[in-house]
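Below, chain A partners chain B and then partners chain C, in two separate complexes.
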Partner chain A sequence: MLKIILPTILLAPTMWYSKKSLMWVNTSIHSFIISLIVLLSLYHAEDSNLIFSPTFFSDPLSTPLLILTAWLLPLMIMASQNHLKKESLVRKKLYILMLISLQLFLIMTFSASELILFYILFEATLIPTLIIITRWGNQTERLNAGLYFLFYTLIGSLPLLVVLVYIQTSTGSLNFITSLYQSNILPLTWTNNMLWLACMMAFMVKMPLYGLHLWLPKAHVEAPIAGSMVLAAILLKLGGYGMMRITTLLHPITSTMSYPFILLSLWGMIMTSSVCLRQTDLKSLIAYSSVSHMALVIVAIMIQTPWSFMGATALMVAHGLTSSMLFCLANTNYERIHSRTMILARGLQSILPLMTTWWVLASLTNLALPPSINLIGELFIIVSTFSWSNVTIVLMGLNMLITALYSLYMLISTQRGKFTYHLININPTHTRENTLMMLHIFPLILLSINPKIILGQLY
Partner chain B sequence: MFRSALRLRSSRVLLVRGLGTRRGGSTLDWDEKVSDIKKKIGSILPGETWAPLYDTRHLPPEHSDVVIVGGGVLGLSVAFWLKKLQKKRDGIRVLVVERDHTYSKASTVLSVGGIRQQFSLPENVQLSLFSVNFLRNINEYLAVVDSPPLDLQFNPSGYLLLASEQGAANLENNVKMQRQEGAKVGLMSPQQLQNKFPWMNVKGVALASYGMEDEGWFDPWSLLQGLRRKVQSMGVLFCQGEVTRFTTSSNSMVTSSGEEVVLKRIYEVHVKMNNSLEYQPVECAIVINAAGAWSGQIAELAGIGKGPPGTLKGTKLPVEPRKRYVYVWHCPQGPGLEMPFVADTNGVYFRREGLGNNYLGGLSPTEEEEPDPINLDVDHDFFQDKVWPHLGRRVPAFQSLKVQNAWAGYYDYNTFDQNGVVGPHPLVVNMYFATGFSGHGLQHAPAVGRAVAEMVLEGHFQTIDMSPFLFSRFHLGEKVQEDNIF
Partner chain C sequence: MNPLTSSAIYFTLFSGTLITLFSSHWLLIWVGLEMSLLAIIPILMSKPNPRSIEAASKYFLIQATASMILMMAAIINFYNTGQWSISNTINQLSSLMLTLALSMKMGLAPFHLWVPEVTQGIPLMSGLILLTWQKIAPISIMYQIAPSINYNLIMFMALMSILLGGWGGLNQTQLRKILAYSSIAHMGWMMAIISFNPSLSILNLLIYMMLTINMFMLLYYNKKTSTLALSNSWNKSPLLTSIILMVLMSLGGLPPLTGFFPKWMIIKELVSNNNIILPTLMAIMALLNLYFYMRLIYSTSLTLFPSSNNTKIKWLFENTKITPLISAIAIASTMSLPLTPILSTLY
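Right, the complex of A and B next:
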C-alpha cells in the first residue's frame, strides 16, 4: 500500500515546486501514473484479499473504489484547468494541494483495515472538500452550502465515534480482517438498537438518505467542478462502503432496524427522481439524480443479500463514473455561457456535435441502458428487492421510468432544438474536454465487457 | 446606605456602576451588543445570507442569468415577461440594476403618459394595441396576493391629430393603415371637428384623425409601481447601483464569405454602489440594455461603436438624451372634460390634466433649438415664445391661462429614425436592446417587453414581428421612420 500512498504524498511537493509552465502537466501525468499503479497492483485482488499490513488491506469491495479514486484525480485536475486560469499561481497550487490531500485521505480510507482509522480519515476528507467548496465555489450561497455539508456529516458521525470506541473496549478489536472471524451476535435490546442507529446514521447522511439529503443539492451545485466530481463520484460511496463494512458487526439487528430506512429510500428514490423533472438548473438536476441512484444503493445494502451487495458495488462504481461525467459536461456548458440555467443553453447539437456524443453516452448510461454496468447494478438490486418484497417492483419500475424521463429531458433540452441566439460565438470543444469525457466513458464501456471485477466480494 | 458609601468612595477613582442600577447611556451598552451578537448568530444559521467579513446585503448577487440595466418601465416590463414566459418556476434568474430608486430623472415618471395607436408604422400600431389591452386588463396581469388592485387612472379620451393641407394625404394613408391593423380611428372634416369640439378654432386644419377607443392617457407612476411590485413577487432581484464596466471575452470568427468578425460576449457586469467606490462583479449570461436616455453610454461600455466608422463594428447605438419640457396651466374657461389629447399641425400637444380645469402640454423643439440635456432645468421662455401663441390660436380660451407648473424630462431619442431598438446586437452577442423609443416608449413598454423576452427565451419574435427594429438596420441604413412623433 505504501507504493500508492507515498507517491500520492509526494505529488504535493512535485506540484508545488514545478515550474509554472509544467505544473499542470506534471500533476496530471504523475497522477495518471499513480492510477495505473493502483490498477495493476490491486487487480489480482478480485478473488482474494490483499493484506498489505495490519493497517492497510484491500479486498474485492474496496479495490474497485480505490481504482475509481485514483482514476479520478487526473480527471479532476484536467477539469479544473480552465476555471483556475485567472487565479494567481499560489491559489492554483493550493487548489491542487487540496485535491491531492483529499485523494490521499480517500485512498487511505478505502484501504484502512481498522475502523477507528477509517473514521478518522472519513472525517478528514471533509476538510479539503469544505475548503474547496467555500473558497473556490462560484456564488455567495457556497458558504451556506459548506455549512450544511460540514454540519450534517459531523452531527451524523459523532455517535459513530462513541459506538466505535464502545465496540473497541467491549470486543477488543475493530479490525475488519479479524472481525470476520468473530461471531458475536448482538442481542435485540433497545441499547443495541441505539447502537445500530449510531453506527448507521453517519453513513446514511453521507449516502445520502432521502430525509437527510438536504446538503447534497447545495454542496454539489455550489462546488467548483473538481469538488462536484469528487463529491458525486467518491464521497457518496464512502457512505455505502462504510455501511457495507459495519453491517458485519451488527448482525442480526439489521434485519429489524433497517425497515424504516428501506422504506424511506424507496420513497425517496421516486421523489428525488420526480424533482429532477422540474429542475431548471443543470447541476441541480444531476445532484438530485445522484440522490436517487444512491437511494437504490441504500436499499440494496439494507436488505443484505448476495445479489444486492453485488448490485450495490456495481452501481456505486458505475454511478461514480457517470455522475462525474455529467458534472464535467454541465461544466463545459457553464464555462461557455456563465450560467447553469437549462433554458439559456439549448440546441447545442448544431454547434458542438462531438460534445453531443458525450452527452448522449452519459445520459444513456445514467438511465441504465443495457449493457452498461449501471444496468447491471440496478438490475441486481431490483431483482433482490423483489425477493425481499414483491411490491417493490412497482416502485422500482416507476423509478426506472422517471429516471429515463429526466435523463432524456436533460439530453433533449440541452442538445436538440433551435439554439439560442447568444450561443453563436461559444468556443469549440477543447481537446482537454474531449479527453476528459473519453477518459470517463472508456472505463464504463470496458467494464461492461468484464463486470465481474466490480461485483464485489460475493461474486 | 451601601450605595451612597460606594459612590462616595469611588468618586475619586473610577465611576463604578451602582449595584442593580442601569443608567441609560452607560458605557457598556449591553443591549445593543447582545442584539448585535444575536443578529450575527442569526445570519450564520442555515438559510440566511452570511458573509464572514462584512455585510453584503446591499450588494447584488454574484451571479445572475439576466442583468437588466435600467429599472424604468421598459426594464421592468422585460423582467415581467421573462418571468411570465419562463416555462418552469425559477427557470431564469433576473437582476434589475437601477441607479436611482427615486426615479428622479427617469423618462417613465416624467412622461405625459399618453397612449395611442395613431402611428405611421404597422408594427407600432400593433405594439400599442397589445399595450392598451395589457393596460385595460392590468389587474389580471399584475395581480399580487394580498395587495390592493392597481388603478392606472386611464382616461380613454382619445387622441386628435390635426393636419394641414400638406399633411392631409399622409394622415389619410396612415389612418387607412391603422384601421387595417385594427385600431379604431376615424377621420373628421373641419366642419365635423367644429361641431364636436366647439372650443376649437379649426382655421388651417384640413383633416383630423380621432381615436375613438383604446387611446388616452394614464398614470405612468402607478404602472411603474405595479410592475415593481409584481416583478418582485415573481422573484426578480433589485439592486441600486450603476453599471460601470462590462467584462467581455472575444472570439474571432470567419463568416461564410471569408470576412473576419470578432464576436464578443459579456460575462461579467460591474455594478458600482452609489456614493461609494464599492462594486460587485455580477457574472451573467445575458445583458439587457433598457437604460433609456443613457443607453448610448451603456452601449459604449460594451464596446459598441468602437471601430472604424462605416463598419458594423463602428456603428454606435444612436440613442441620446433629448430634453423636453411639459407645462401645466390652469384655465377656467378651457375646453373641460370633452377634450381628447390634441396634437396640432405644428407639433404642439396638449391634454386635460385632472378635473380642476388644468391642462398640460408642450412642444418638441426643432433641431436648431434643442436644449442642452445636461440637466432638467425648465426654460419658461420657451412656453411664452413658442407654445402659448399656438395654444391661443388653436383654442381661443387658452389665450388667458396661468402656468401652474412645469417640468422637463428626457426622451431616449433615436437620432437615426426615432423608433425603438429591440433585439440582440450582431457583434456583442448577449446584449439585447429595449430602448430608443423617442417619446413613445411608455406606451409600447408591455409589448416591447414581451418581444424581448421572446427573443431571449425562444430565439425569435413570436407574437409581434419586430425584426425591422433590430440593431443591424443602423449599419445597413434601413430606416423605419416614424412620422407621428411629438
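Right, the complex of A and C next:
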C-alpha cells in the first residue's frame, strides 16, 4: 500500500515546488500515474484478499472504491483549473494541497484494516472538505453549509468511537481481517440495540439517510466543483463502505434493527426523487438525486443478501462516476453564466453540441439505462428487495420512473428548446472540459463490458 | 517592572509550584500553593488598570479561600490519622473538602465562574501563566489523593465542567474568555479520568498546556484579544491564520490532530471500566466547544474579513514579541497523533 500512499504524500511537495507554468501539469500527470498504480491492486487471487500489512489490506469491496478515489483526483484537479484562474499562486497551491490531503486520507480509509484507524481517517476527511467548502465556495450560504456538514457528521460519529472502543476492549481486537474468523453472535438485548444504533448512525448521516440528509444539499451546492465532485463521488460512499464493514460484526441484530431505516430509505428515495422534479437550482437537483440513489444503497445494505451487496457496490461505483460527471457538467454551465438556475441556460444544444453529448450520456446513465453499470446496480437491488418483500417492487418501480422523469427534465431544460438570448457570448467548450467528461464516461462504459470487478466480494 | 523584582517574582512562582510537587507534608503543600498565589498577584497586575486590579483581587480571594479549606482538610486528616504526610488514603470528610478546595483552585464547575473574568482582565501572557502553570499544582495534589476522591462528586463536577465550559463559551467574542471557557472544559475532561487512571490526567494536562501555550503565543504575536482583531490577521500575517486554524481544530479534538489523542484515551479508559454513557455524553458536549472554535476559525482563516486598508496585505513589520519556538510547538500540537503508541506508554 505504501507504493500508493507515499507517492500521494509526495504529490504535495511536487505541487508546491513546481514553477507556476508547470504546476497544473505536474499535479495532473502525477496523479494519473498514481491512479494507474492503484489498478494493480485489482488482481485478487482466488478466495483471498490482498493483505499488504497488518494495517492495510484491500479486498474486492474496497478495491473499486480505491480505484474510484485515485481516478477522481486528476479529474478534480482538471475541473478546478478554471475557477482558480484568478487566485494568487499560493492560494491555488493551498487548494490543491487540500485535495491531495483529502485523497491521502481517503486512500488510507478504504484500505485500513483496523476499525479505529478507519474511524480516525473517516473523521480526518472532514477537515480538508470543510476547508474547501467554506474557503472556496461562492455564496454566503457556504458558512452555514460547512457547519451543518461538520456537525451532522460529528454528532453521528462520536457514539461510533465509543462503541468501537467498547468492542475493542470486550473482544480484544478490531482488526477487520481477524474479526472475520470470529463468530461472535450478539445477543438480542436492548443494550446491543443501542450498540447497533451507535455503530450505524455515523454511516447513516454520511450516506445520507433520508431524515438526516439536510447537510447534503447545502454542502453539495455551496462547494466548489472539486468539493462537489469528491463529496458526491467518494465521501458518500464512505458511509456505504463503513456500513458494509461494520455489519459483519453486528450479526444478528441487523435483521431486527434495520426496519426503520429500510422504511425511511424506501420512502426517502421517492420523496427526494420527487423533490428533484421541482428544483430550479441545477446543483440542488443533482444533490437530491444523490440522496435518492444512496437511499437505494442503504436499503440494499440493510437487507443483507448476496445480490443486494453486489448491487450496492456496483451502484456506489456507478453513482460516483455519474454524479461527479453531472456536477462537472453543471459547473460548465456555472462558469459561463455564473448562476445555477436551470432556466437561465436553456437550449445549449444549438450552441455547444458536443457538450450535449456528454449531457445526454450522463443523464442516460443517471436514469440507469441498460447496459450501464447503474442499471446493473439498481437491478440487483430491485430483485433482492423484491425477494425480501414483494410490495417494494411498487416503490422501486415508481422510483425508477421518477428518476427517469427528472433526469430527462434536467436534460431537456438545459439542452433542448430555443436558447436564451443572453447566451450569445459564452465561451466555447474547452478541450479540458471535453477531456474531463470523457474521462468520466469512458470508465463507466468500459465497466459495463466487464462489471464483475465492481460487484464486490460476493461475486 | 524592575528586572530584579520580576525575576524574584517569577522565581517564587516557579519554586512555589515545585514545592507543592515535591513535598509530602501537607503544610508544605499549602506553603507552595500560597507562594505561587502571592507571586502571581503582581504578574496579574503587571499592567495596572482597574480591570486587572479587580481580576487580581477576585483571583486572590478565591484562591485564598481554597487554600484555607485545603489547610482545614489537612488538619482534619491529621486529627483522624495522626500523620501529616500525604497519602492516597484519607478519610471521607478531608477528601471531600480537598476536592472542593482543589476544584476551586483549578476552575472546575461549579466553582468556575472566576476563570473567565480573571482571564479577561489580565494581559495575554499573564493569562497564559494562569491557565497553564497554575493548574499543575492542584492537579498534582489530585493525582496523589486520587483513590480517595468521591467518585460521584468528581464525575458530576467533570460533567458539569464540560457542559458549562462548552455552553458558556458560546456567547463570547473576547479571546481570553474563550480560552478560559476552553480551560474549564478541558479541566472537566481531566477530572473525569482521575479516579480511573490519574496518569492520563497528567498526560491530558501536558497536551492541553502545549495547545494553550501555542494558542496564546499566536495571539500574542499580533496582540489580538478579540475576535474582531483576530479576523484582521489575514491581512497582517497570513501564515498565522493557517496555524490558528490547525491549533484551534486540535483544541477542539478533531482527528487526525493531536487534540484528539487525550479524548480518545480518556474514552478508552472510561469504556474499559464499563462506563459507556458518560464518555458518549462528554464527547457530544465537547462539540459545543468545537462550535465556538469553528466560529473563530471562520472569521480568521476561512473568510476574508473586510479590512481597513486598500491593498491586499499590510506592511509586514519585524516581530518584536517573544514567541519562542512557535513553529516547533505548532507542529507538536497538531501532528503528534501518529505518535500514539509511544505516548500511550507514558501512562
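General observations
Here is the rule we go by: the second predicted complex is superposed on the first by the 451 of 459 C-alpha atoms of A that agree within 3 Å, B and C clash if a C-alpha of one lies under 4 Å from a C-alpha of the other, contacts with A are read in each partner's own complex, and residues count from 1 in each chain.
In the analysis below, a residue touches a chain if its C-beta (ideal position, glycine included) is under 8 Å from a C-beta of that chain, and two chains touch if they have at least 3 such contacts.
Since the model is a prediction, treat every value here as computed from it, not as a measurement.
Applying the stated contact rule after C-alpha superposition, one finds that A:H422 touches chain B and leaves chain C untouched. Touch criterion met: A:R278 reaches chain B, while chain C stays clear of it.
When the two complexes are overlaid on their common chain A, residue A:V162 makes contact with chain C while staying clear of chain B.
Judged by the touch definition given at the top, the superposed model places A:I343 against chain B, while chain C stays out of reach.
Of the two partner chains placed by superposition, chain B and chain C are both touched by A:L143.
In the superposed model, A:L188 lies in contact with neither chain B nor chain C.
Looking at the shared chain after the overlay, A:L121 reaches chain C, while chain B stays out of its contact range.
Shared contact residues on chain A (touching chain B in one structure, chain C in the other): 143, 147.
Chain A contributes residues 138-140, 143-144, 147-148, 278-280, 337-339, 341-344, 418-422, 424-427 to its touches with chain B in the complex.
Partner chain A is touched in their complex by these residues of chain C: 242, 245, 249, 254-256, 260, 264, 267-268, 271-272, 276, 279-280, 283-284, 287, 290-291, 294, 298, 301-303, 337. By the touch rule above, chain B contacts chain A in their complex via residues 44, 46-52, 56, 61-63, 65, 86-93, 251, 253, 263-265, 267-268, 283-286, 424, 429-430, 455-457, 459. Note for the complex: chain A touches chain C at residues 94, 105, 119-121, 123-124, 126-127, 131, 134-135, 143, 146-147, 150-151, 154-155, 158-159, 161-162, 165-166, 168-169, 198.
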